[in-house]
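Paired with subunit B in one complex and with subunit C in the other, subunit A is shared by the two complexes that follow.
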Partner chain A sequence: MNTRPFLGWFVSPAGLVAVGLIAAMLAVFQYSVRAYIPGTLEVGGFTWANFEAMLRPLYALAFWNTVLICFETAVFTLLLAYPLAFALTRTNSTALRSFILIVSVTPLFLGEVVRTYSWMIVLGNNGFLNTLLLKLGLVERPLRMMFTSGGVIAALVHVTMPIMVIMLAAALSHIDRNYEKAAESLGAGPIRIFMTITLPLSMPGIVAGFSTAFAWTFSAFATPQLIGGGRVATVSTLIYQLGFSSFNFPFAASLSIIGLALSLAVIALLKKAASPLERMAGTT
Partner chain B sequence: MKRSPVTLALRWSGRVLVAAILLFVLLPGVVVAISAFNDRAILQFPPQSWSLRWFYRAFSYADFAKGFWNGLTVTVWASSIAVVVGSAFAFAIHRYKFALRDFLEGILLSPLVIPHYTVGLGILILASQTGIERGFPLVIFAHVVMVLPFVMRSTYISLENLDTRLELAASSLGATPLRILFTVTIPLLIPGLLSGWLFAAILSFNEFTATLFVSSQATQTLPVAMYNYVREFADPTLAALSVIYIVVTATLLTIANSFLGLGKILNVDAH
Partner chain C sequence: MLMRTDPMTAPTPSATSDKIRPAVQLDGVTKRFGDSMALHEAWLKIQPSEFMTLLGPSGCGKTTLLNLVAGFLEADNGEIFIDGDLVTETPAHMREIGIVFQNYALFPHMSVAKNVAYGLKTRGVEKREIARRVDEALALVKLTGFADRKPKQLSGGQQQRVALARALVIKPKVLLLDEPFSALDKNLRGSMQVELKQIQRELGVTTIFVTHDQGEALSMSDRIAVMSAGRIRQIAAPDDIYRRPADRFVASFVGDANILNGRLVEKRGDVAVVSVGDISAEVPAAPIAALSIGDALDVFVRPEHLAVTARGASGSLPGTVTTQVFQGGHVDLYIEAPGSGHERVLVRSPGIAALAASPVGAEIGLTIGSDDIVAFPPGETA
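Up next, the complex of A and B:
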């Protein structure tokens, strides 16, 4: 008897998609080491010039900026998402649970453009925040929040919150509450219980959420482009400019290769840094 | 149980904190909703006079209508293909060991961490090298690649919760594998497949970065049309469109929550 019925039927379509994806990634690699011929879409011969050009301050700075923005975004997202995920998994009220779930998950499905646009109205010179601050007499002139990396980070935190809440809530809901009850019966206070039991046990969720937030932010384009307005250069905005304004696809390809390598490296580093903690939590 | 003052203080400050964070999440939506009804073409707070004209413009602007239908075409094709391909593959990795299993799984899950612009640029370059037209199949392929991990995850979780004794019972009564698949396994997986399709559809309809690279004037989806609009105009039309978007999405999610249990789909329910 065939112990693996339909194996070929079930795997081949997925295999075809994988082949297409691999071919696309190889195309990026291939273009990244080709020479750019201005004015055409044709590419020249083999060259390392694209990668060498990235050492120029303009591009090096964009990489540094991007990593910094991603890191700050992930930190703020974690700080804001943790209390929400905690409330979501610990509340006894079904209505409150549903409310928190819908409110925190809906933005995930709104897409980057809608969410970025709404932040443009919040942060603009005639926007909501500035009007509020002026009316309250806290500032005399509108604060410049558009076209700053602070504004970009605020919007990106909003964009990455839902996925972080989902990942933290998944981790928190799988913690055996008996550990906390045992600590409480032994006389530990709520802060001590949280710091020594709940927080370490939720570490896998924190690591997963943090690295996903990092990767998503790295991939974000509409937010830095529209809120940064060209004044906050990130890897994604540079790639778009190079690809569609100057049609320098080889250089755009080499930037996305480095972007990919950098985001994978950071995620691997995060996983490695957290693994002793995860072992402590008894999971792998 | 008696509560100490510390516990009570923590409890109340926790509530205030959660309320403040929820406010942060809700703020942009509320601000957009208010400005959508602003009568003037310049964004301003609070609006001086009110009107519905931006809603009319959002519906009558040709690029949005075209983007909506393009997006719907891409979404229906991409999420349907992804559900068939992704759940079949999830079934295979859940049940069988085979050559290149982990490799294939890693490749197909990689779009979760590969920046979308890299995927978009790669597919664009591949198309121009092989002479493939920048038509709908190209956009649909890009979307299938990007939603596949979510569909695989959804089916995989359903398979974990599937009681295999039902399949064994069918088998012992003499049912062929094909009959078991269609009368036992697939019917039991329907909720997981449906929620996977819904997830894929919503993500595909909203995908922007990769679509910007692989779509052309003729195939641009709604998010791309919206992006082009913000760059050209500063009036509140997009705010009106955003309000429609938010209302439709929140309604769909509330329905999904009451019928399917959003907590279960997202795996955040306590066990």
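Up next, the complex of A and C:
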């Protein structure tokens, strides 16, 4: 017991946070099983009605939509972040390294709302992209990018990028360069080295980055709300609408509970699907 | 890089001058990292089946030279030939070289068999042939039955065998060994050295071995290239390196040496006579050609080339035994000999007779009992 005398002090802040979180979750949970009394903020007695209501196509569709958006966002983020992370860990040029770090990490310092507004400027009908396309004569009418799930995904990819780059770079920088040299000496060209050595050995980073991107996107609110403009329904925008437009707290609470369960389930599934890949990389 | 000759028309080096075509040849290869000269005009010819060791302290350029041969670094100047072919600009994956890294670098996500098969797969060898050659290679390194293990399920010595099998299975033109024993404990190191040397001789594979351990270099090599500060100081057989070091650095880096203050007495063509007190000895004249009769010089004497005799015997240097160190097979005597110009002189006597014959405090005479003495102009040690 005396080997780590300060352990208790060190973990107590985390404990306080955990207690707060659990209390809040319990509050949300107890709201979710109460009846909604329209026109008031008071809640009624015990009921499962909120959860039953969620089986209605409108809500089921929102869940499916959210999972799809999260999945697509994670895929695109991975595809875009991997080359950046690779260049970041492999370049000898300090200038290039700083450039990649600044480009990929500074978005973290801007709030989600600021980033989302800048995407609205880019994607709008009179926005940067459409103006450019019109000027170049590539399109005759502005493309509709705002209020589409494509626009939401584009903005979410940008939001999720830094965390993915950081996680992939961490995994890539842990790969001993001698593995690649050994493969090279054994006659493997750059593509074969990447496919047989670098990619499998970075699998733990890919799995961690993908799951994090998924969870990160699942809870995103400002981006789908502002860019989707109510026309792209996700779980978080739905919760907002129900809770703060309709003041139906019980239903918003039950949506939150199911949303949380769903995202945990999907991440667990991802982990399970990825475990053979990770075992291949020799990490388990 | 400036005057790159066309590989098609470049003269095959030394094919005319030597009877055998060297397996590896470096012609004035230079490599700089920024301002620092990592390798300065290295000229080196390695014969087929030869075991060549690059020996030197860390930072001497030996690993740079290895990486240049492997193709992981590009030479700034000079040309590299493997098997008579100009490879200075050939990428590493086309050089057909086997490498064993210091940390073995076994692919952690592949089984032993997959590791060994890797180089065969890249060459598009047919599946059954791969299986046969992998079995053969694992048998060679005595790891039959370990095919399905993962690298981390193996001991350090076993990992090294896998690395060796992986490098040898492709029948490389050259085998490069980068300090392969430094991660092994002392007992295992000895037996792996014997085994590696045996396999190397059996297969007749040309080998470049990089080490900072002079014991390893002396015991394993056909020839040694001693390096320091980016330069090759001497290339010779181990016994020549030991007996006839070319300069002060080689003399003090390889083996133990007493550096005694002496004077040049006489020059007789290839040989010079030097004296340390009443002792006189013959040394090669070349290293001290610039000195004249009577000049001071440093005489390098190996501990086992000194002998203890009676005080006052003719041609001896008076001394007093200050310490005895029993080493098992031999005895190290530390002797205070004021005439040597050296605080303590180390004498290595074979057997254990010296324990009784030269007790601490004994007043004795020192003589030189060998022809293998060298002298260099006075200067800093090393």
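Basically, the second predicted complex is superposed on the first by the 271 of 284 C-alpha atoms of A that agree within 3 Å, B and C clash if a C-alpha of one lies under 4 Å from a C-alpha of the other, contacts with A are read in each partner's own complex, and residues count from 1 in each chain.
FYI, a contact is a pair of C-beta atoms (placed from the backbone, for glycine too) under 8 Å apart; a residue touches a chain by one contact, two chains touch by 3 or more.
For clarity, every value in this text was computed on a predicted model and none was experimentally measured.
Of the two partners subunit B and subunit C, more residues of subunit A are touched by B.
Once the two complexes are laid over each other on the shared chain, residue contacts for A:66 go to neither subunit B nor subunit C. Using the contact criterion defined above for the overlaid structures, shared-chain residue A:181 touches subunit C, although it does not reach subunit B.
Judged by the touch definition given at the top, the superposed model places A:115 against subunit B, while subunit C stays out of reach. In the superposed model, A:189 makes contact with both subunit B and subunit C.
Touch criterion met: A:197 reaches subunit C, while subunit B stays clear of it.
Residue overlap on subunit A between the subunit B contacts of one complex and the subunit C contacts of the other covers 189.
Residues of subunit A touching subunit B in their complex: 2, 4-7, 9-11, 13-15, 17-18, 20-25, 27-28, 30-31, 41, 80, 83-89, 97-98, 100-107, 109-115, 117-122, 124, 126-128, 131-132, 158, 161, 166, 169-170, 173-174, 189-191, 212, 215, 218-222, 226, 235-236, 239-240, 243, 249, 252-253, 256-257, 259-260, 263-264, 267.
The residues of subunit A lying in touch with subunit C in their complex are 176, 178-179, 181-189, 192, 196-197, 200-201, 280-282.
Those residues of subunit B lying in contact with subunit A across their complex are 4, 6-7, 10, 14, 17-18, 21-22, 24-29, 31-32, 35, 42-46, 84-86, 88-89, 91-92, 95-96, 98, 104, 107-108, 110-119, 121-123, 125-126, 128-129, 141, 144-145, 148, 177-178, 181, 202-203, 205-209, 212-213, 223, 226-227, 230-231, 238-239, 241-242, 245-246, 249-250, 252-254, 257, 262-263, 266-271. Interface residues of subunit C facing subunit A in the complex, by the touch rule stated above, are 70-72, 91-99, 101, 103, 105-109, 118-119, 122-123, 150-152, 166-167, 170, 176.
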